[in-house]
Each structure stands twice: as structure tokens, then as C-alpha cells.
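Labels for the chains are A, B, C, D and E, by order of writing; each one numbers its residues from 1.
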């Protein structure tokens, strides 16, 4: 797939409109920027035969597009699970990590892991996206004692945090970056109660696209190896999230632009 | 019975009724004749306030409705004293023939359904439509529709019935029947105003005739006076039904 | 000019036309009379195929349309040879009086607008509507609407004109005018079929008369024969316009 | 490679069907109340009621002009704030968290659809010949009686295809109610889809369910129209 | 995000910049859907044998399945289908796919609008047109449709406004319209300032809607010539 254009092959990359700085968001001119984009640019540099073309779209639509071959790959913080691997082609190497956490009120210490949330209340959760997938996976594993989840189309993170702040929910399951970012604005009486996981994040390909996936994967491995991605992580998050959790916790995982 | 005072009506710049005064006694059959566009229909419609006169008052049966802005209740009361046969029939399209006739009885006069049905059917038989009671207006011929309109008005048994060219779509036979009906109900003391352009019919049915032209009443009197020995030039010309030699080509 | 063979038409179980055969010569004015509901309108509508006959054939001006499923082109050709004045006028509601008359000329006959306008205005003057050319049908009195309908049909200058009670809403004066017009265009060789219930009018305008009842042609001949000295009992009864004594009470 | 895994889609049918009651409840409740309000609004507009006419012009404009999603949010987030305010001011004790999301949806959808239906009724009532009301007046009916017995039955026939449009639109629009936590067909489909990124399959399932439901109503509307059009007999265009 | 006046103005400008695109999508889709809608309506009114069944099926499918799915079918499915015949339309502008999907979708609704309006005009008008020698298409264009158009105007207004709001789906396939712009801003802010942003987007939609309503109202005034309202008194 893709087609000739001044000798280079065009690769169509679907990027998600559910932007989440600093991974992926838009600048003044609606051009995509962020960690994801820097990563893609590094890849493109190393693959002179290809020219990447970026297409905004809704996440679901992007997946459908990859599925039907309209796009070559999609990038976002896609998480991995066996079912999805059945449907889409995942490369071998992740290109980054998302740190998920439980955010609670500053004065409580009872919630550190998902186990602590059984029988407690979450604010409404989006039906799609990586966070939801982690929660679903937990519930599958603990189907005798599951978490109580309430779904809602595109809930607002800010509103949800306010719910926790007002005591209408016990804790919110959220990416650390996102929380920090919002906290800067709202300065609520909240803290990260505990980091739940360091989730690798992926690009996804159509199953027919093995060759391209392989080439990009090789490049990714190189980029990790030579520390390029670590530098990018430092640039966007202030910490190299390729290190392990303890190191990250020490350094503080933060977004300083 | 009916008393019109200084009725005026304008459509935009078209002054259609120019200060009409008219008195009709109880049991009278007043016939209005006049050229097309002279305001006959408009006058009739003003009497039951389907058309809002710009000026003047209408008294029926001692009940007066004044001027341009009467209360809804007054208008309703006025209308309940009258019934009307429309020039274009205006049958209820969504009702069968029988329902068309029953409708006013049941809804406005609160007559029990069974009784209303009896009255209606006997009237429909009278106008020769016994076979058509369950058809819809769209399935009727022009004359049949007109007869339903007549039956609908008669069924209401009001103080006053207004007929707007009630025989325009009827054959001579039916015209005879309608003539008979009108005469008979006049004997029962119902007042009628009939607009017609059939001079023979007018002569037979009327006990008073009004000749209108250009929004004015030109002449009135007994049928004999107006239709046989008219005084005014305009009336004479109107009644002189002659074949002119054509003076144009298409 | 017009030749109908074995025209049959049923509405559900109501057999309205029962094998009508009819011949009309060029330049004839054929008048159809008959009681209300006898099928006159339906017959007229079959002639220009507004009503689809169940059976039979229609020939106009040597052009034949057969049976139940003619081609669209044939039907259009047939209609272009005829014009019709409707019992309920059927004016184009969204067009002014002038546009109503011009429409067929401009659209169907492709006559240049300017010329079409001249023709239309002269005809509208002829029927006394010069002042109303720019009004919409809803602003006209019944008789005025009927006259627009007549002007619209005349303007087309077709081989055949079908009139369905063209004088029902007209006063004696106007009836005279229409009579004159019809006579004059008959002289120009246009064939006409006129449904009417005005016997006087029929007698003056017709050179042949057909009497219909119950979907059959009962009697036909010269106006003198049918209208003055009818042979059939039914015709005699129809023409005897008498006031019966009423035998019911409302 | 087969893009769609039919077996998977089939397995999920029963799960997605659980969303049908919510969808139907919202659509039917909103439709019924929408009919009533819509009709009243249309009448106010046709008869140019002094203040109401102006008010409803604004109302229709506002409701049609702003996204349904926003209206849902206004209720969902606004009502609790309002209640809180009331509680403070009046010392009352309403608890907004006890209000089922379905209630918010009922209210928002009813208000929304009534604006559209008002326009439908306005046009269909205006399409009825003025002579019909005159005849009703002439036999002594009040305007209300004439409206109810003569005009509306005819107007309803004209309105039916448009009401059908609106109702079917409403059925599909219920998917937005997920934004206020009402879990209906589309919501369940999306939740399941996310597990294995099987969006195509789940959209297929959801579409089929919407289609079947809407189709049933399509047939009902067509039947109703045919029945109510009886009195017009041969008005339909003839091929010749 | 600053919520001062400058912030509001800035937000407005950002969203308004995308308005021409939204209007373009609206205009194109509307144009094609009116034409298609009239055709479907007439086919269904005339009950022409095979066409009628096809039109009815089309109507049912398009009305009864989610627009999003139809958009996906056209945007993702159609190119795949055509590839089988070695026609590659993947390079077409996304706008083309969008307009195709929206035109088909809206045409289904409009066909019902037009059908009801057509039937409300009444047969006598058609007969009159025939009697002066018009063919069916001529009668349709000169007599029936102009009258049906007036009846349909308020319903047309309903559907145009729905279409306006449906254009927000454009963003699912990556066309940044006014809604898309808003989503990007929201995402950049992690959903903060949601209230402010929704106020702005609502105002922009409402403004456009008022524009549409005025045009419809104006057309109603012009075209209702010759008609009598039953609320005349």
C-alpha cells in the first residue's frame, strides 16, 4: 500500500484526535507535535525510501482505516493485548511508555493499587482507549471480584478529577502526565496515590503490512539502542521512561516544556 | 332576523363591499343576484363572519356582533345561528358523506350520535345520496358534493341558512328538488339568503330579491319588481341575456 | 374528429361508464346533459385520458389511443390535441391569472413569451378579467376563476376543447359572452364537447346533444330532438322541471 | 484476510441487544412528549400568539441551532449545580446524584425533538386548505374543535413521513445519550469493540440492530399513512 | 487556557476560521441530496416496479443505520470495493468521500420530505398541467414542485440544520471542521475549559442555524404567494 511520489513510497499514518500532550497534540496551525511525532520523524530519517503522511482522525476511525488498508499504521498510545494482536499487527518494540496511576485526595492513603479500588467508586470511564483496556483486563482476571465501572462517551478528565476532589468518587485512574498537566491549571487537593503500571505503547499495523512494520521496528530498536528515544523522553517528559519504575519515581515523571 | 348595517370590506386596495345595509325578515327567502365579482360571496361570508368586515355591524336573531374586533364567543354564537352552503362545497375531506353531515350536529350541537345519524341519513336520502353515505368527498361527482353541502347545512336546522350558488352543479331535476326543499323550510320559518345566478330559480324561490353590482346594492324588491320589471339600467342590462356577435379571434 | 369506442370505466364496484360509443365531427359542438352522477365528467376526462378507461379506444384527429396501457408519448400527443375546462376550475395555485393562461403556450407549445402574453391578455380581456391579470387564483371569486379556466383552454387553440360545466359559476351576462365565444370558435372549425346542466344554454350552443344516464347514452340527436321533443321516458322526466311538494320535515 | 470476523459479531449480538430497552425508552418517550409539545408550539406559531410566538421562534432556533450533545451536557452538569444552589438558598435537600441519567436523557431529547416536530406540524397544518376550517366554523365548531376534528387528521397525514424521519433520527440519536452515561446499543458496541479493536464487527452488529428496530417503525409508519390517506384515494401521481 | 476576553476572542477566531469549510461541506451535500431526494421521492410516489423496490431499500438502509457507519462504508469500503475492479480512488480528497456519504444520507430524509409535500399539493394541479399539454416532467417542474417546495420548506429547514450538525462527523476521517477544531483544543487542554469551548461552538452553530432559518423564512415569504393560511383570522 502507499504509492509512488517523487520516488518515495507514501506511508499513511493515522494520528488520533484524542490528543494527549505531551505524547501527541496540535500546535497553533493544527500541525501534530509531541513525543510521538518526534519519534516518527526520527524513523523517517532512517528510512529514505519512505515518506510519511499524517492524517488526523478519531481513534476508532483510525483503527477501522488501518483494518481496511486505507492507512498503513496508526500511532497513539495503543496498548497491547492478545485479542488485539489477533486483529492487528504489533511490532516487537514499543516506542514509549505510559505511566498509569490512581489519583486520590491528598489526605487519604488507602488507595495504591487497583485491588484497593474494588467496591469503591471511579468517575465515568471512556469506553475506548488504553486506560479502559487495563481496567477491563483487570476485571477479566478478577472476574469474581471486579471493579465497578461506569462508562460514558468522552468524559472530561478535568471534570472527573473535580469529582474526586469533591469526594464524589474515590480515585481516578489516569495517566500521570495528564494528571500533572491538569493539576498545574486547577491545583486541586489531589495527589498520585500510586503508580499502577508502566505500560508500553505501540504503533499498530494492518496484518498485510508486515514488511513495513518490520522495517520500522528495526529502526525503533536502533533508536532505543542509541539512546535517541531516551533523549526524546527527557525532552518531553523530563525523565527517561525507558528506565525502570523506581528510577522514574525518583526522578519525577513530569512534563516541562 | 338579519340586519346588516354599513358593511364594508376591502381586500388590499380592492373595495369589495361598500357600505351594505340589509334587512331580512324571519322566514324570508332573500335572493342576491349580480354579476361575477360583485361581492355576493363576500357579503354572505361576512354574515357569518367567515370574512371579517372592516366596518359595520351584523345582527342575527337579536344578537349583534359589532365592528372589527368582536369576541370569539360572540362570533361562535353568531355562527351557531347560521349554516352555510359554500360555493366550492368545502366538504370535510377526511370525513365520509355521512360524517360530513353529522359532524356539526354531534360536535357543535351535542346531539346524540344515534339521533344525529338518523337526521343525517334522512336528509341524504332527500338529496338522493342514500347510496353514497360511506364514500369520501374525493369519490363524488361535482353535483353529489354540492348536495352533501346542502344536506350538511340543512341538518343543522339553524335560524338562518346562507346558500352560495347552491344549484351551480345541479341538473334541472335536482334543482327542482332543492327548490322544493327551500320552499318547505321557509314555511317552517327558517330565514334564507341565497346567492344564485339562475334567474329562473331565483324567481321561483325568492320572496325578495337584491341586485348587487360593484359592492353596492343597486336595487331590491319583490322578484317580480327586480327580475321582471327592473328599474335600473344596470339591472336591465344584466338580465338581458343576449348573444353578442363575437368581435375577436383567437 | 373524436371517436370513442366502447369506453368502460369502473371505480371499485361502481361501474360508471358502460360501453360508451361516440362520434363527433369536426366543428361540432356536442353537448352532454344528464343527471348528476351519470358519468358526464368521467367521460370527458376519459377523452383526454385524465381518467384511464378500463377498456375501449379513443381517436382524436386520426390519432388513436388504445386500451388500458398506452405509451406515455401517445397520451401526451392526445392531450396536446385537446384542452379542458374543469368543473372545479383547477387553476394553477402558484401562478397568477396571466401565468395560468400563458403556461400551456410557453411550456407545451413553445410559443415565445411575448407572443404568448399578447394572446393571453386579449383572451382575458374577452372574458372580462383585464384587471385581474396579476392576481392569484385564491384572490378571485368563483366566476372569475371559472373564466380564467375558460381563457386558459381557449388560449391553447387546440383541435378539441372539453368544457365541464363552463358556466356553472357565471351570471347570465357572462353566460351570454361564453356562448358567443363558443359559437365563434366553432365557426373556426374547433370541435367542442360541452357538459352542462343549463338546458337553455345547451339549446343555444349545441348542434348535437347527448343525454346520459347511469353510464349509458340514452338518446342523442339535434338539440331540437333531444331537448324539445325527447323520445325516452327518462329524458322527458329529466327535462320536466317541476316543483314537487315537499314530503319530509327536517 | 477476512476483514470482518462474523463469528465474533454473532457472539456479541445478545450483549448489544441489552442496549435496546434504553434506546427504545428514550426514543418513544421523547417522541410522544415531543408530539404534544411540538403541536402546541406549532399552533402558537400559526396563530401568532402574542408573546409565545416570539418566544418559540427563539426556542426553536436555539434548540435546533445548538448541538444535542451540548444540551445533554447542560442538563447533566447544570441540574446538579442548580439543585445545589437551591439547597443552599432554600434549605431544601434535593440530591442530584439520585437522578437517573435516563431522566436527563428523557428531558433533553423531548425538548430537542419538540422543536423539530413543531416545524413539521407548522408546515403540514399550513398545507391544509383554508376552506376546511371555514367549513368547520360554518357548522358551528369552535376553532379548537375544527382543528382537532378536521384540520389535524388531514395535517397528520401530510406530517407522517416527516414524523417518521424524526422518529428514526431519534432512535439513532440516542447513541449520544452515552455522553450522559446512558448505556444503549452503540455504547455497548463500543465498549466491546475496544477490547479487541473490533470496531468493524461491532458497528455491523449495532447497525443491524438499529436497522431492524427502525425498520419495524418504518413499516408501522407506512401502514399508518396508508390507512389515514384512505380518504384521498387517487391523489397519487399517475405514470401516464 | 485563559478565560479572559482575549481568550474568548481567540477561541472564536480559531473556530470561525473553520466555518467556511463546514459551510462548503453543507452546501455541496445539500445540493446533491436535494436532487437525489427529489428523484427518490418521485420513484416512490409513482411506484415504478423495480425502481420502487430499490428506492425503498435504499431509503430504509440509509435512514436506519448510523451515519458514521455510512461514512466508513464510503470512505473505507468504497475504495476497497473499486480496487477489485482496479480503480484506485484512495487518492481522492477526503471531502469527496464525505460529500458522497452525506448526500446519500440526507437525500433519504429529504425524499420523505418531498414525498409528503408532493402529495399535499393534490392531484387537480397535475391534471390541470396535463390538460394544457404539459408532459409529466414539465408539470413537475413548473407546477407541482414549486407548490410542494413551500410545503416542504420548514421540514427542509429541519433537515438542513441536522445536516449542518452532522458535518461534525467530518473529523472522524480527519477533516478539521469547526467541531474538529474544538476537539483538538479540548484535547490540548485535557478537557479543561470544556464549558467555555462548548459555549463557543454552540454559538457558532447557532449563528449558522439562524442564517439558515432566515433564508428559509425568506423563501417561505416569497413562495407562499397565492396560498391562503387557515389562520387568516
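Quick note on the criterion: a contact is a pair of C-beta atoms (placed from the backbone, for glycine too) under 8 Å apart; a residue touches a chain by one contact, two chains touch by 3 or more.
These are the chains along with the protein names UniProt gives them: B, C = Amino acid ABC transporter ATP-binding protein; D, E = Amino acid ABC transporter permease.
Nothing here was measured: the structure is a model prediction, and the numbers come from that model.
*Asks:* Using the contact definition stated above, find the chains touching both subunit B and subunit E.
*Replies:* Intersection of subunit B and subunit E contact lists gives C, D.
*Asks:* Just to be sure I understand: going only through chains that touch, what's the smallest number of steps from subunit A to subunit B?
*Replies:* 2
*Asks:* Determine how many degrees of rotation, between 0 and 180 and to the nearest 5, align the Cα atoms of subunit B with the equivalent atoms in subunit C.
*Replies:* A turn of 180 degrees brings the C-alpha atoms of subunit B onto subunit C.
*Asks:* Relative to subunit D, which chain has the most distant C-alpha mean position?
*Replies:* That would be chain C.
*Asks:* So, what's the distance in Å between the C-alpha centres of subunit D and subunit B?
*Replies:* The mean C-alpha positions of subunit B and subunit D differ by 46 Å.
*Asks:* Find the geometric centre of each of subunit A and subunit E from their Cα atoms only, then give the gap between the two centres in Å, rounded to an integer.
*Replies:* 37
*Asks:* Centroid of subunit A to centroid of subunit D, CA atoms only: how many Å?
*Replies:* 38
*Asks:* Using the average of all C-alpha atoms in each chain as its centre, how far is it in Å between subunit D and subunit E?
*Replies:* One centre to the other, that is 18 Å.
*Asks:* For subunit D, which residues are shared contacts with two or more other chains?
*Replies:* In subunit D, the residues touching two or more other chains are 129, 132, 203, 232, 234-235, 238-239.
*Asks:* Could you tell me which residues belong to subunit A and also touch two or more other chains?
*Replies:* 60, 64, 67-68, 159, in rising order.
*Asks:* Which residues belonging to subunit C are in contact with no fewer than two other chains?
*Replies:* 72, 88
*Asks:* Looking at the complex, which residues from subunit D come into contact with subunit B?
*Replies:* Residues 129, 131-132, 134-143, 145, 149-150, 153-154, 230-235.
*Asks:* Would you tell me which residues of subunit E are touching subunit D in their complex?
*Replies:* Residues in contact with subunit D: 42, 45-48, 60-61, 63-69, 72, 109, 112-113, 115-120, 122-123, 126, 136, 144, 151-155, 157-159, 161-162, 165, 168, 198, 201-202, 205-210, 213, 227-232.
*Asks:* Of all residues in subunit C, which touch subunit B in the complex?
*Replies:* Contacts found on subunit C: 11, 33-37, 41-42, 87-88, 119, 122-123, 126, 128, 139-144, 147, 154-155, 157, 165, 168-177, 179-181, 183-185, 188, 197-199, 204, 237-239, 241-246, 248-250.
*Asks:* So in the complex, the part of subunit E that touches subunit A is made up of which residues?
*Replies:* Subunit E reaches subunit A through residues 1, 72, 75-77, 79-80, 90-91, 171-174, 176, 180-181, 183-184, 186-192, 194.
*Asks:* With touch defined as at the start, can you tell me which subunit E residues reach subunit C in the complex?
*Replies:* Going through subunit E, the ones touching subunit C are 124-125, 127-136, 138, 142-143, 146-147, 150, 223, 225-228.
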